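Shared between the two complexes below is chain A, which pairs with chain B and chain C, respectively.
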Partner chain A sequence: MIGPFKKLIIGFAVLCLCSTFILGQHNPDGRKVSLDCVTCHVSWHDNIDPEKSLLPNIEAPIQIQGMPARIPTAAMCYTCHDGTVKDSRQTFASSNHQMDMDVKHVDIKSLPLDKNGKIYCGTCHTPHSLKPTRVGGLAPFLRMEKMSSAICLDCHSNQASAHKNHPIKVKVSADNSMPESTFWGKDGSMECMTCHPIHGTESVVGVTGNDRSELCSSCHAAYFNIKLTDHDLTSSLMNKSSNIGPDFSGNDPCAACHVSHNGQGEHMWSMDVDAKAGENAYCVGCHSDTGLGQEKNFSHTGHPVSNFKLRKNIPALGIKAGDKLLCKSCHDPHQWEFSNKHAVNTGNEEGTEYTSFLRLPDDAQGQLCISCHSGQSSVFDSDHSVAREGFQQYFRESNALHGQCTVCHGAHTDALEGSTEDDPFTVLCMRCHDGQHFATSVVHNNHPIGVPFTSKSNLHGYKKDNQTLLSCNTCHDPHKWGQTVENSPTVDLNGDDRNSFLTISNWPEPKLCLDCHPEQETLLNSDHDLTEADRSACSFCHAPHNAETEYGIFAKWGEAPGASFNEKHCFSCHNEQGSASEKLVEGYSHPREFGILAPPARGTGDWLDFPLFTEAGPSKTVGHIDCFTCHNPHSWSYKLKYQELGPENEEGNDLTSFLRNPSQLTLCTDCHGESTLWKYNYYHDPVKRKRY
Partner chain B sequence: MRINRLLIIILSVSFGLIQGLIAQEISFSPVRTFESDFSFPTDICGNDEGDIFVLDAMNDRVVQLKASGEVVEIKPQRESIYKAVGIAWINGDLWIADTPRSRLLKMKMNGRISQVIKLEHQTEPVDIIGLGDNMVVTDRFNHTITVLDKDFKEKYYWGKRGEGIGEFINPGFLSAGPENRVIIGDILNRRVVSFSPSGRYPQIIAKPGVERGQIFRPKGVALDSKNRVWVADGYTGALQAFSISGKFQGIASKDGESLALSAPMGIYIDKQDRLWVVESFASKVSVWRIK
Partner chain C sequence: MIVIRSFKPSQISLFLVIAVIMTGLVGCASTRQTTETINFPADIPQPFLSLEQVIEGAQDTPEGLFSRFLGMIVGQESKFSLNQPTDMVIDQMGRLLIVESEAGFISIFVKEEGEWLNSERISLAEIKYPTSIAAGADKIFINDLNNGSVHILDYDFNLVGTMDHADMQRPGGLSYDSHSNRLLIADPPANVVFVFSTEGEYIGQLGRGSHTQGVLQSPIATTVDPENGNIYVLDGMARKVKQYDASFQFVSSFGEYDQVPGSFAFPKGIALAVDGTLFVGDAAFGNIQMFDPTGALLFYFGETGTDKGQFLMPRSLFIDQEQHLFVADPYNNRVQIFRYYAQ
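Take a look at the complex of A and B:
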């Protein structure tokens, strides 16, 4: 029999034993757990006597998705990861993604924090996670997927938005120089941990400190050519202070303009920028009157930007059809010299056509400009090429160097800056064709310029007072030597009607001349149509440059007889040795001692009805009779119905013979009355003249 | 009669257990603290001259705390140690358990590595001790204890991964006990066990738990002048003493409060009964006098 005392003793003893050996461990849900669980979940030990407990005081259980988790602290992790079981001392020792970080400002969606609301090992890791999903799965025991950066973005969602942050999930070129240990996402794409190796054996190169650009250059090696150029603000602005954001004091050229996360604008821009001002705002932000790059202030007088779209793909400049033309279309801000990737400039060094951060040089092949203006490439083989000796000599003498295109065109400045002339084209052409420099001089007796004109083909000119006035570019396209003889290479050739940089071919038909002077077309096929192999009908008598006379821009007549320029001009053919020897004019001189009032002065008609001349040229008031007073060399007959031409050298009559007007409109009878006919015959009919 | 005998047995066992769990405090007084720019140091040892050596492996170095008070950095040959864990003074030489490289290194005071013992079986040595002419190595990879002879050849080993007696889950720090018994912290089995030099006759010194007289993460073990086995608990931070037969002797306390050090790992007790402890998480070494 067992007495009550004995029962009490036995019960107490059994209780003691049970408390030690039987009850075991239970989780907060009351479920019995194994010893493995309490290896980490230390608080799941049952029946811990608070008086004897050695456990650290963990008051607030850690929450996972709102549920108490009783997860151990980092100290618990370290008890195994101190090298005795596993070795994570490097992780603990490094400052990579520090623990005890205050993350109250972060919107953390589902990762747990420690009792103080700070991150700790268990924030990202759990021993209960699934096994790595691939061979060498890299850092298992994560709470969320690493490959997609999901675990990073749970906290850092604001650092993944496009444009203002460095993109992730983008394919990275295989020729990057990232370390072998670099983490890559699916198919070698970039993820957060590519740059941020959370527990890398090395410190996070480039993410902190002054060497971030080294990290950037691992993938963006070409951009690193910016180093020590004027766009390396840590170099060029080292001693300048700025309140616009970036730090120029370090050795970190990328970081001066770009921040990897939370930039002020697109391109991860570090500085304040007027995003509404468009893509060029990133350039003009500095290259303005008050900007950091004010020495190279952007001028709107140069090549237009922004306002038009390009119509075709231009692979050489990375331009696609429809893209707007921007500063960056021509400039690569990361590379000073196209051909020398590591070239640097020294403190606002003046750029050339080969440097100046140009994507392509404006060299002898005009690579940059021709990328878009391919139609102008014909200039390279012409005498307008800077490769020709004339230019080269000029460059040697002036110690200057120009690109193929910029020799005439200013990309960012007005090429005619300082000129007070209205006609920019003439000013530009006359820089070389002025009689003093190397090019053909066109300074004397030229086709008039600065005058209004009407053109069938809408030829160009320059604008003034809402009028288009004639200029060099009306007749000349300096980029194309020949229109009919295909872009014939020239070396200091004298031009003719087939080439000469004419905008419209002037041979065999003088289309260029007739474009503005269509009324002279009656000349064609007449006996005065003297078209030759390289000379049009017009050019036989007229020279648009360096003519014998200003009036009529008559071609040179050499030793031709005659008392006036009209006579010399006509007799240069109408002489015994001339091409018009069959039409000699033997008696021709009207007495010149009497001044005759011109029709406008008399109020009887237009000057051309009866043009009079002086020794100086045509006169609208008083003059004397000359060849062109009676003859219009461009028209066989003044009457349309007689215009139809007969056989060559057909004998004319008083209705044809290139006579200007019917006799009733002349002034002859005013002076000569009834003797007019007699005198006319005397002067013009050799047979009759002999009779008298 | 049989019931009375049973009662006596039960009572004896129960009260014995209870008695073993009753707190006993052993007063500690701080002597000093060394920081010396340590970075997660792990182990500590000393020589007969009173010099102390701290393995500051994350800085790839050993720090010598000389008896004279001088602190000397011993920088080993370039990259010769890498994330090592254990250090020991054995027969006049400084030995390092070069854990991840499966090597034991003998290092001169000038940092020169004078001998490299390559271990077999992918052994990852955590700690070493000298035992007569032999060296005893704990192995975190195979969960075994390996004995090397005087020529550093593997003589024999014992243990395997498991929870049974004579088995280990991550055997860690070692100490030589009375009669050349090998005292081992069996880390994830949460116990301290001693063995004969041949690996037989296991004796549990400290059992699992988180109360006084129990151990949760046994790390450094060391014997004091009274043959008490001191055990550092890497999680609770406690320093507790046990008899070689497993009787709880007391817990290190200061001003009536149990010490709770920062992730203590290797410990060393010098001839003056001062206990040196590496507080790994705090990257420092603290020295305590056992009163």
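Take a look at the complex of A and C:
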């Protein structure tokens, strides 16, 4: 019989043995583990007898960064995940991450690899992760977070660096058309697995072969308007290639220029680009002398785009104040035609002002240009509007662009490229104002151009030899008609001093003329100040275009009497029916058979001291006495103190009367000697004439 | 004779030498039957098993003498490799049907001159992820883990029906009960073995009940004694073999969780030989253990590896009427066929 005490001891011993059996599972570190661990970790079973164990020896363990790690091989996973338990092994059948995947091209930091240094299921997964349903759980049993792409970036950090790879952790619009099964990060952000399903059947979502059209357009639908345009290199340059890929024809419209990973620069370019050269480098890389788009070579003679900051917001172009002007400011490289998003061009088709990848058209309202150059919008209601018949005729006769601005201005090349003329403005204006077209002809007796000038207002001209020379643009601003006095938008207005595209209004005061000819200001308020409702004092006598004479650009005088053009000009008013009928000149002609040496020829002074004329005009050698020899019609008196004018039409004297400054070196005494005075009185004093 | 007489003796000798060399090349070029003798045990005159054939894929089936001759010279070109074969069965037509779970194919082999040769490889649109197969008198049964059901097909692989049950979660190991003309379906997550008629009608379940020993914990595979209808269930997580009678009554069990011979770690396949020997394959051990009906260990063979006669996590087992043991070796992408010399 066993006594109670002994029973107690035996029972206690049995209990200890049982406890040992039940609780005595040990891991290799000797720590006790629960039966749950032994469920998988067979080798931790307490009844281990190494010689009798049927478990295979692990010749080479799992490794982390080349060092052995106490992590089970795939065999342990497959003991249950062979279809026995519910798992996602069906999705393992893919070309994506799978067993025995080589890891040559990635930098694995902290994830385990099998004995051959290759990926296995345990690389990413561990049953020791908390259940996905639990707080902090990593689904599905991942070693690292997938929501933030942390597990991807542990190996593929070089695939996520900025400016070379497609960005991640960016919010994606809900309007995207990615499949429903797409993985999204926190708050709908894009993560690595958004495009790259780890165990899916496709390596990248929406990619078939080399065609990523479906993938890219799922989020960038608007950019897909590029298809079948000239920037769709798969169709326009199908036989060419970038420097990092196959022929464009083997690619999709996006991949011809963009690569998702390890591209060049911010836009993940598939071709070499000097990203440091700025945003325009992407364009100029092709649109250069040797680039793929050399037929549309960008020349720097056109609109400036370098280091050019904009001063205002331009919402229509998506520009903010301070932004640099770039190629893409005007161009959307993904859309050929402004108004038709899906427009295509049939391969290298020449663009128009409505296409050419412009963000806005350069139509009759010059939408694109006016978005920046709003101050030029006044051209739309002028005779320089392309809607007017003048330009319409020009378009019918030429292949010029029909845009309001581009008809004259070349956006990328000088509109006058190839011209050998020094004065580009005159060349441009004369394309229409040449007498052959609808525009007013300016080919006949015009104000001199190509001459140096001094302007109070620093009017423009053209540069040559460090000088500013006068040109059309000195007096005219082709964008601004000026004051329009007619109520209706009349086509082909006849201009006057109030408009006519003048840079400075010439009415009522002839400010434009006086800007260069200030010395003629004495004309104002004199008897010769004949300012009218539409003509300034200058324009009454002078016509800057189509004048009667080249010299003096005198306005037409009709059938005025006179032996010379000067006389005709003066007598157009100083005649019995004229406006100056009270000031008739009766006996006035110095004999014309006698030529007189001009002061420059005699070395006695300037031509203006004693101007002489021939039939052709002023003469600096030999000429005749004419009205302007003695009279300066612009100045009542040669002395300033006498310039102050009294009542209108005040009778003049020998100190006024528009007489020039008399000179002691006048020709009269040189030839006429003592009889000079007699002759002078005879010709100019009717009272004294009678005495003679 | 006339042809032979026209040759000189030296030429005839040369021809014979070439023929002998060709014959030898046949053995080298062919990838059919293993020429290496692998017996278990290896060191006794009468082994229990010997490896007869290793099926790794399909080989061209020579149709004519010239094709065979050409095959001798250049070897037999493998048309495809098995892609994770997980189960196999020999149907009433004598065809060997192998389930390739990774690829979703059913590969059909026929025996010619003692050798299994591939005749066809089919993919069934309705079945995405098969892992197990069984064959009845006139029907074939294939599971599909994709939709959690078992499909019934005719011998032309036309779908004729589907088996499912509200409690069915992940039907895995299939086996045909020829004694009662029933299909047994082991469902590990459901912890039961479903029993259906071959027409697809639900009959009952094994594994639930008041008898705690009869309760199953993740049954993996089953096999049935055609003589008496006893059902042997490989209870995976319990690491036991549990025996039930034909009326689903628990009879006995054997086995325990351990790592020594006679125990189980991750048993995956079970088969019953004509002499009552139970074969149990263990994925963790990489071997096949043989037990008598009482559960006493008789023998075990194989080990983890990739050589012939080794296994990488062996899966299902099948024994045909001629006592050939078929072992699905999925991670070596092959099926190994052993001849069991039943006692």
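Criterion: the second predicted complex is superposed on the first by the 544 of 692 C-alpha atoms of A that agree within 3 Å, B and C clash if a C-alpha of one lies under 4 Å from a C-alpha of the other, contacts with A are read in each partner's own complex, and residues count from 1 in each chain.
Definition applied: a residue touches a chain if its C-beta (ideal position, glycine included) is under 8 Å from a C-beta of that chain, and two chains touch if they have at least 3 such contacts.
Quick caveat, the model's predicted, so the values are computed rather than measured.
Asks: Quick one: classify A:Thr39 as touching chain B (first), chain C (second), both or neither.
Replies: In the superposition, A:Thr39 touches chain B and chain C alike.
Asks: Between chain C and chain B, which one touches more residues of chain A when both complexes sit on the common chain A?
Replies: It is B that touches the greater number of chain A residues.
Asks: Identify the partner contact of A:Asp82: answer first if only chain B is touched, second if only chain C is, both if each is, neither if none is.
Replies: It touches chain B and chain C both.
Asks: Considering only touches as defined above, state whether A:Leu55 meets chain B (first), chain C (second), both or neither.
Replies: Touch partners of A:Leu55: chain B and chain C.
Asks: Which chain A residues come up in both lists, the one for chain B and the one for chain C?
Replies: 39, 42, 45, 48-49, 52-56, 75, 78-80, 82-85, 90, 93
Asks: Under the touch definition given earlier, write down the residues of chain A that touch chain C in their complex.
Replies: So the residues of chain A in touch with chain C come to 38-39, 42-43, 45, 47-49, 52-56, 75, 78-80, 82-86, 90, 93.
Asks: Applying the document's contact rule, which stretches of chain C touch chain A when the two form their complex?
Replies: It is residues 86, 101-103, 128-129, 131, 145-146, 169-170, 172, 188-189, 218, 220, 236-237, 257-261, 265-266, 268, 282-287, 300, 303-305, 312-313, 315, 330-331 of chain C that touch chain A.
Asks: Spell out the residues on chain A that touch chain B in their complex, using ranges where they run on.
Replies: 2, 6, 9-10, 12-14, 16-17, 20, 35, 39, 42, 45, 48-49, 51-56, 75-76, 78-80, 82-85, 87, 89-90, 92-93
Asks: Which part of chain B faces chain A closely enough to touch in the complex?
Replies: It comes out as residues 3, 7, 10-11, 13-14, 17-18, 21, 23, 39-40, 42, 57-58, 83, 85, 99-100, 126, 140, 163, 170, 172-173, 187-188, 190, 208-214, 216-217, 219, 233-238, 251, 258, 260, 262-263, 265, 280-281.
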